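Multiple structures follow.
What follows is chain A paired twice: with chain B in the first complex and chain C in the second.
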Partner chain A sequence: MADEALFQFLHNEVIQYVNSAESGDTENGRCVSKLENMGFRVGQGLVERFTKDTARFKDELDVMKFICKDFWTCVFKKQIDNLRTNHQGIYVLQDNKFRLLNQLSAGKQYLDHAPKYLAFTCGLVRGGLSNLGVKSIVTAEVSVMPACKFQVMIQKM
Partner chain B sequence: MYVIICMHCFCPQNYPLYIRSVPSQSELKFHYTVHTSLDVVEEKISTVGKAMAEQRELYLGLLYPTEDYKVYGYVTNSKVKFVIVVDSSNTSLRDNEIRSMFRKLHNSFTDVMCNPFYNPGDPIQSKAFDSMVSAMMVQSS
Partner chain C sequence: MSRQSNRSTDTKKMNSELFTLTYGALVTQLCKDYENDEEVNKQLEKMGYNIGVRLIEDFLARSSVGRCQDFRETADVIAKVAFKMYLGITPSVTNWSPAGDEFSLILESNPLVDFVELPDNHSTLIYSNLLCGVLRGALEMVQMAVDVRFAQDTLRGDNVTEIRMKFIKRIEENLPAGDE
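Now for the complex of A and B:
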């Protein structure tokens, strides 16, 4: 249990730090992209470690399943609740109880703070996918607090 | 006595991340062989459909044997390629040993990759990786 808390505390502090470093009045776009880039590098490293003993992936869907199951379990201690795709390069990953949002009040009060708390994870997914040879754009959206959706747009080369 | 004559590591775009070989007259020839064998690697990982089950292992096995040496390959899930050249006369070397050598390489590479000071795609300059390869090359069997 302790290690779960550690990651969460560290993540909160990183957000605090990045937010205060990008001083005050500028909109939090730069803060979000900084967090996203951090996540990207971490994702690359993590995936390298997690896929050490797995067989080669068959296709894109196989890679996405890996992200939803193994990767998510390792990082967030639960699987993605729902994975949907249009089979044309768009995947929607839905987490009904996202761990990094779980401690935030469930109402609408902190809704505008949510992007900061999702940026790192977006980067994590993008970095992981890119290391597995899938170039993508990852965006997140929240409608009701602990639940969130990550949209992954695969970029065909 | 050297077990491994030449060891290369390539990034997904096929430029070398790490090159190491036993200093000898024909060093250039080995580099040439290794680069040629990349085609075989490419071929092996792009086969889709039939015989999928055995193709999905990270270890690719013998890429091609020549008279004096054998070339073995390994591809990680992130498409980083390892190629090793060993002496053909060394018959005591089994497939399993080669496999475990690659595993060791892969483990070391993962450590390099998780080093925050390393930029993915840059040549590997890690001392730990270096010494691991050195130890592996001279391992007497």
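Now for the complex of A and C:
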């Protein structure tokens, strides 16, 4: 089934819509947070359905591994390429060929637009983690497309 | 990773759920942004149209379906190839008008509404209106102007979901002005 393509088209439309609905000076921040919120809800739903028959996670790292492997494979058809942590609640997930940036030109020209294409995914991860009992802040950065890094900061409860 | 084995089987289902949930998030957002359901319906149709005009290319590339001889063939391709490919369902094609320019797609199940219930205050919302836009957009790119609308919807208590499609005209290719 080719529904991946469908998701990508839908994702692009969502970005397009949110972006056109928010205009003015604060436009970019508002747009990103709206997308992030949408992703959050989707992440919650996905993880809930995905983990309903599985064993309990051992610890935080186990949860992160799950996000990097199973979750990422399902959503983006590949695993996270690199996971780093400082063992103090900060994790960096690196994807060298992030699917939602893959359709954009790899040069510097559209680098400014990258945050819009990552916001939904940030929310997806935050929502997923939140439903697994891990409260976090997720941000993303891109230096060279289509590679990107997601930074997950765990909020201790 | 002992856990992996029982999860991998779910991958396919997960993927359609990703789409379903994302679509749900979008409709929710639209309902927040717009005052009335008509506006939301219109916006959904427009977004569908934008998807359709791009999707047709993906479709033609993947399916290697050739030119259709008539509208009946088009209907079959939409139901048996396109819907199957993108949504994993095969609607039935029925209720042809005598002139052969209008038919219905009957969807036994609609993946878009898997987790959806319409609240009472959104009784005029056409939740899956995106599909109409997609069909209209995609067919426009192959020179067919069509009118697409929902005739029945399980979300509103009907037994099946019915999409009614009407052929309007063949779009002639116009050369840009001043181009020979």
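Going forward, the second predicted complex is superposed on the first by the 153 of 157 C-alpha atoms of A that agree within 3 Å, B and C clash if a C-alpha of one lies under 4 Å from a C-alpha of the other, contacts with A are read in each partner's own complex, and residues count from 1 in each chain.
As a convention for this text, contacts are C-beta pairs under 8 Å (C-beta built on N, C-alpha and C of every residue); 3 or more make two chains touch, one makes a residue touch a chain.
Please read these numbers as outputs of a predicted model, since none were measured by experiment.
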{"item": "Touching partner for A:T54 - first (chain B), second (chain C), both, neither", "value": "both"}
{"item": "Partner chain(s) touched by A:F7 [first = chain B, second = chain C, both, neither]", "value": "second"}
{"item": "Chain B versus chain C as contact partner of A:L83, first or second or both or neither", "value": "neither"}
{"item": "Touching partner for A:G133 - first (chain B), second (chain C), both, neither", "value": "first"}
{"item": "Contacts of A:I15 with chain B and chain C, given as first, second, both or neither", "value": "neither"}
{"item": "Which of chain B and chain C A:R41 touches, first, second, both or neither", "value": "both"}
{"item": "Chain B or chain C, by number of chain A residues touched", "value": "C"}
{"item": "Partner chain in contact with A:C68 - chain B first, chain C second, else both or neither", "value": "neither"}
{"item": "Common interface positions of chain A, toward chain B and toward chain C", "value": "41, 45, 49, 54-55"}
{"item": "Chain A contact footprint on chain B (complex, rising order)", "value": "12, 45, 48, 52, 55-58, 75-79, 106-107, 109-110, 113-114, 116, 120"}
{"item": "Contact footprint of chain B on chain A as seen in their complex", "value": "41, 44-45, 47-49, 51-52, 54-58, 131-133"}
{"item": "Touching residues (chain side chain C, partner chain A) in the complex", "value": "1, 3-4, 6-7, 10-12, 14-19, 21-26, 28-30, 33, 43, 47, 50-51, 54-55, 58, 62, 85-88, 115"}
{"item": "For the chain A and chain C complex, residues of the former touching the latter", "value": "1-7, 9-11, 13-14, 16-18, 21, 34, 38-39, 41-42, 45-46, 49-50, 53-55, 66, 69-70, 73-75, 120"}
